[in-house]
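Take this structure, written in structure tokens, and hold onto it; I'll ask about it next.
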Amino acid sequence: MQGGATARLPDPGEGLAARYSRVRAGTMALAEGLSAEDMTVQSMPDASPVKWHLAHTSWFFETFLLTPGLPGYRPFHPSFGYLFNSYYEAVGARHPRPMRGLLTRPGVAEVIAYRRHVDEAMAALLAQGREEPAALVALGLAHEEQHQELIVMDLLHLLSLNPLAPAWKPMRRPAPCEADPGRWLSFDGGIRSIGWDGSHHGSHCGGGFAFDNEGPRHEVLLRPFRLFSRPVTNGEWLAFIEAGGYGEPSLWLSDGWAAVQAQGWQAPAYWRRRDDGWTGFTPAGDLPFDPDAPVCHVSFYEADAFARWAGKRLPLEAEWEVAAEGLEPAGNTLGSGLLRPAAAPARRDGRPGQMFGDVWEWTASAYSPYPGFRPAAGAVGEYNGKFMANQMVLRGGCCATPDGHVRASYRNFFYPHQRWMFAGVRLAEDA
Amino acid sequence: MQGGATARLPDPGEGLAARYSRVRAGTMALAEGLSAEDMTVQSMPDASPVKWHLAHTSWFFETFLLTPGLPGYRPFHPSFGYLFNSYYEAVGARHPRPMRGLLTRPGVAEVIAYRRHVDEAMAALLAQGREEPAALVALGLAHEEQHQELIVMDLLHLLSLNPLAPAWKPMRRPAPCEADPGRWLSFDGGIRSIGWDGSHHGSHCGGGFAFDNEGPRHEVLLRPFRLFSRPVTNGEWLAFIEAGGYGEPSLWLSDGWAAVQAQGWQAPAYWRRRDDGWTGFTPAGDLPFDPDAPVCHVSFYEADAFARWAGKRLPLEAEWEVAAEGLEPAGNTLGSGLLRPAAAPARRDGRPGQMFGDVWEWTASAYSPYPGFRPAAGAVGEYNGKFMANQMVLRGGCCATPDGHVRASYRNFFYPHQRWMFAGVRLAEDA
Amino acid sequence: MQGGATARLPDPGEGLAARYSRVRAGTMALAEGLSAEDMTVQSMPDASPVKWHLAHTSWFFETFLLTPGLPGYRPFHPSFGYLFNSYYEAVGARHPRPMRGLLTRPGVAEVIAYRRHVDEAMAALLAQGREEPAALVALGLAHEEQHQELIVMDLLHLLSLNPLAPAWKPMRRPAPCEADPGRWLSFDGGIRSIGWDGSHHGSHCGGGFAFDNEGPRHEVLLRPFRLFSRPVTNGEWLAFIEAGGYGEPSLWLSDGWAAVQAQGWQAPAYWRRRDDGWTGFTPAGDLPFDPDAPVCHVSFYEADAFARWAGKRLPLEAEWEVAAEGLEPAGNTLGSGLLRPAAAPARRDGRPGQMFGDVWEWTASAYSPYPGFRPAAGAVGEYNGKFMANQMVLRGGCCATPDGHVRASYRNFFYPHQRWMFAGVRLAEDA
Amino acid sequence: MQGGATARLPDPGEGLAARYSRVRAGTMALAEGLSAEDMTVQSMPDASPVKWHLAHTSWFFETFLLTPGLPGYRPFHPSFGYLFNSYYEAVGARHPRPMRGLLTRPGVAEVIAYRRHVDEAMAALLAQGREEPAALVALGLAHEEQHQELIVMDLLHLLSLNPLAPAWKPMRRPAPCEADPGRWLSFDGGIRSIGWDGSHHGSHCGGGFAFDNEGPRHEVLLRPFRLFSRPVTNGEWLAFIEAGGYGEPSLWLSDGWAAVQAQGWQAPAYWRRRDDGWTGFTPAGDLPFDPDAPVCHVSFYEADAFARWAGKRLPLEAEWEVAAEGLEPAGNTLGSGLLRPAAAPARRDGRPGQMFGDVWEWTASAYSPYPGFRPAAGAVGEYNGKFMANQMVLRGGCCATPDGHVRASYRNFFYPHQRWMFAGVRLAEDA
């Protein structure tokens, strides 16, 4: 089986060591087909070299599990703690992010050796069968899965800047919606609960893992609302373009309009206008425009402008979560192949389909702490909390998200101008 | 009477024409003591020349009321529509904001003539006694009051960059809190209503004006919480500085820590470390540090870091509004003199004091539309809605806010890195 | 008499005190017609506010003559030494150049009082009739004359950015060349001497002043060359534009082509394309295009590209000086009125006309020290020498240069991308 | 034999085909020891990836010789003309210079295949034994040798930014001067000739090649002068540092002082202050400070400031060339090994030693066209002429310059702030 982020599907009953092996192998499988050159270059400060992702995810286990927890463990290299720390201030100084692409050494081979060194030590640690490290290992694996998605995003961005428009390899893409003409699904208002149940927080028991920012579970007050049964499609977006949406300031937030002008946006990222129509740049290279597939690689500003143009709005994250609760992320049930079966259309029971695993869906909610949120103690507490400003929440996971990684309570977040992730739009309206 | 933004106090029973005269005169009174040089220079892109404020507020009446509504009205100058449009895309092209300070012509005298021209025409318009323009006139006057505060902010920023540290004139300052040692006031949770009652929206009847972003009134779900009875003081902030708060990354949001490093922040804006202690730069020049006065000129990032250091948090805007409802803004009851009597300490009835008119209080709430919010039709709809991204809500008004301008539902908003407004901090915690 | 930089013509026999009074009065006469607003704003880092020029030229006398040389002299203000130092590192710290426009205080009136204070003290100093200060006074007056020209340049740049295109006042303009169809004048090669004769260096005796960078006089080896009898005209430049000169990279130096693209140059500075033809922005406002007048406000890059397009080259500064020797600068003989008589056409004796006082003429020579050049001792030694890198020499003076200021050996210098001075082009070729 | 830029020494009698093979092999030999990662990354806009150099030098032969001159030649790849054009506007559009490092594809292996493809076709072309292409081939080889030096410079800069301070491989370094305590050598003034004799221009006959910017040969007028017998050493530079040279503005050109402050210069590039003294970063990694070796990696600004501090000046390029005429570049006679014998000290005949092959020596001469200079016709005419602005001439070649590449008339040029080339200083003074 090709593509996706993992070579094997998660097994509900797998043990922690097996899971560790599976996820780590999935990262390496993902890198197949990339040259040393591809894995070294950094295309923008927001992105990192693939090589850096391979090393940083290992650094996480070394720093938070092996060094403090495995007696006699020797770090692979005295400088890697400096080179491969991402943003943990409490851990010490680090190599500046915009300069990650200057590190031609260590090379890819040495980074792979680093991974092996860490994997062997982790095997020893996990073989001890101790209970305490389980939560941190689960966190490390979830972290690694996030970087699997980042590898796809960052590599796609890098290749998109190459005039040769090189193809990497076929990968899972957002499933087309042709089976779903779309309809409005209604939800009641009232007091509802959202967020991860804190009692399982940080635990891997029964697959019950969540990031700290997903909790605590808490009550919210919703007004009756409607969600559309599927994401906005490329075809619908083309209508927005052709209606002059990118040239009409009244549709845009002020900061969004400034971005349109400064960046010269005229279409989603990676769209290219050819003589014979539009194409979209993907891991498999430039592909013809599919009007039925969900639109992808749009910023929050674009999503918001589209919704205004359509006379609708973006959903609140709480609305999204309430609608998604009880739905299974597609990956868990449908498998993940190169040509994934189209996600289920709007279900008979009135729930929307395609909420998971096609495109991250921008919400109207700024990324803020939930009531009662407290970051974890220690350096890992820097994981999510310190980013709770200036970003917007996205929900649902995308085609590049590893199977089993997302859930209804999952909160992703990006700055409103960013477009290199697989982000799309679902419309909402007041009932 | 000296200082403040207005020369006369609002009278609950005053008619629209009288109110127009009072507010417009207040703007001119504010400019007293400024030279043509002072009124011409722009100190940063965020700020505007005083002269520009004088002209732009007149442009507002000319554009939205006189040109469409007064038969035979002749615009004062054919280019002023271009020069003094701030950001209304629907009105047409405009002079770029960062270049406002290059306009040495028209000079101050011509701008004052422009004001007179507009005032005479507005007198004619208001003398017609028609009902329809009332809401727009009220909006124009509220807009002018906002620019009165901006004049103080912008001029203070300009003078702060002058090595001579020149004094402008004595003005109202945040009232010291020495009468209030501070205590925690508890509030119940549950479903509460906040926001302006839409039925009066945009109307001036009975003083009942509110900006569009204050509504619609809607229900929110609050958890039990506590607010401190007064804002954080300079003395408390000094303790934060001396404890190394500006050097400890774990206290800061990631974007905030980046701002600390890029800007070299070590204290609030306008604080200066002298051999014999700190001073603060004010409209009256450099003044000695008052440990009992509310801290002022801090960014959201600093407010948030301080709260984290103190083991507390910032209030949500809904919490703030619930606590403030029923309180009268100080200006309405206490008058506004140079040496304003200290605001009332925490009231016997368990309400906090000093919620209005000393410092804008940063909240933890991102500036978003209320449920059901719709901007006004036409160009004035660009007033507030298009800024609903990337900014944080502040509440309560400050010493530079004209009397009668704020209310419990008033939502001010700034970017989290900005510091030139009179912004301070009130602490909150979960009950 | 109106216009020009000085209100009175220099008198060969005038004493130093009279000359001081004349030059200083000329500066004030120049400022007539400017508002306080006009005199305060800084339009770009390269330019300074008029008010700053008025103060800085006074600072020069205060710092280098009064404080060290007039017993009992009290500086006007303790901070002016900091505020109005331009670039003399040896004198101490100074206000950053790009922030000169933020100084709304001192205001224009106070700066004029400063000038009077200095003038009175200088009168006392000069009344002592001592010999030693004469050279420094002459330097200070030449310095003041340079700032007279800068006032015109800087104010013109400021007004050019105003959408109202305001006129300041009529001024002398480059004399049209209609009397001179142009012809090539030949000069012999061989060893020639150029540069100011050091024996008179820095002295005012007999009007014999020169800046340090004009000497020592030294021999150069020239090859036979030809100079065109007059500068390139607007009409000739229009032909270059219409031939696509601004779009053809092969005509441009690499750095010049980068400037064309980065700045979007399509014509000289201040040219504006109207429906009915080109205009040029001048101190008298937008004026219709005069095809016979020398082209003005072009950068070195443009001058060089034009010459390449014409199959010619720019003259070396030594070629220019040899051709100009023996010619009297026009101002000395022709007076300087608003409508100056056309400069003499190519003379019967084979010398070119119009070499002085119309437009500064770019040369092909980088601004370097002459052999044996040594800066003056002390802070005034920073006057010219430290700028001898990255700039190109211009010769001849322009319409904004005060009468009597230039001479054949005069070396002006600007960066090759700069255009706000009155700079034009004279063509040369090998014989 | 290791190091240097070429694996074999030039043989005076070698034919063009043999020379082609030798030079091209030398480039590949130079790349030995570099990983694909090393060869892909671009460390700054001024530098290029090694891979790009390998491809661009092949592009030169393909574009200027094979495509126009070898019947039936098929370009290796239709996009390489776009990707690997450096700056030839006449050849068409090109990939932006600052984005060269984003081209992970084509990979190193494909670039090497490109080189082979070109080499085979060039062999066929050269086997035809035609006369006409000889000059262009010689130019292409000289061009390739320049890129050999750029490879060393650019790779050194890249590795210098790696916190691991990785060593590449031992290479020839500037020869220490311990055999030469130094003395002043006097030269007469008068009319002298410099520059390449045009009759051999562009020809490879008898090794007689020169770049277009070295001619025409022409007369210059020199005054008597003295040159120091050897370059300034590290030890002498350390004295400058310790005397506070980097902190004393009076020693610096104005633009130079601005660079010192903006860049934070406190020592030459690649110097690092350790607890136990200074080291210098070299292709062989960090090496201890050798006080007798010529100082290297200094900017023009630093060279100029040092000379002023020493009470001397930099030589004019004509002075340098006159002194060097008749001297053989060291590489031709002494061989080029890893540990090259110290260059000859000042010769008995009064000529300075060590003028070639250790460090490029900054001159006081701006890079300008010689009298009568005309660029070659066609796109290759963009080779040197269009850079004749804003740069300074350096003379003599350096340790990274391929043997046989330089000569007395050779004119190298860099911007005055640049430091990543192997640039040093020789002092001069008036006699």
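When the chains are written out, they are named A, B, C and D in that same order, and each has its own residue count from 1.
By our rule, contacts are C-beta pairs under 8 Å (C-beta built on N, C-alpha and C of every residue); 3 or more make two chains touch, one makes a residue touch a chain.
By chain, with names taken from UniProt: A, B, C, D = Ergothioneine biosynthesis protein EgtB.
If you're wondering where the values come from, they're calculated on a predicted model, not measured in any experiment.
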Shared touching chains for chain A and chain B? none
Which chain maximises the distance between its CA centroid and that of chain D? B
When the C-alpha atoms of chain A and chain C are each averaged to a single point, how far apart are the two points in Å? 61
Euclidean distance of C-alpha centroids - chain A vs chain D, Å: 48
Spell out the part of chain B that touches chain C in their complex, as residue ranges. 35-41, 43, 51, 79, 82-83, 95, 99, 101-108, 158-159, 161-164, 166
Residues of chain C that touch chain D when the two form their complex: 87, 89-90, 191, 218-221, 223, 249-250, 252-257, 300-301, 304, 364-366, 368-369, 371-372, 382, 386-390, 416, 430
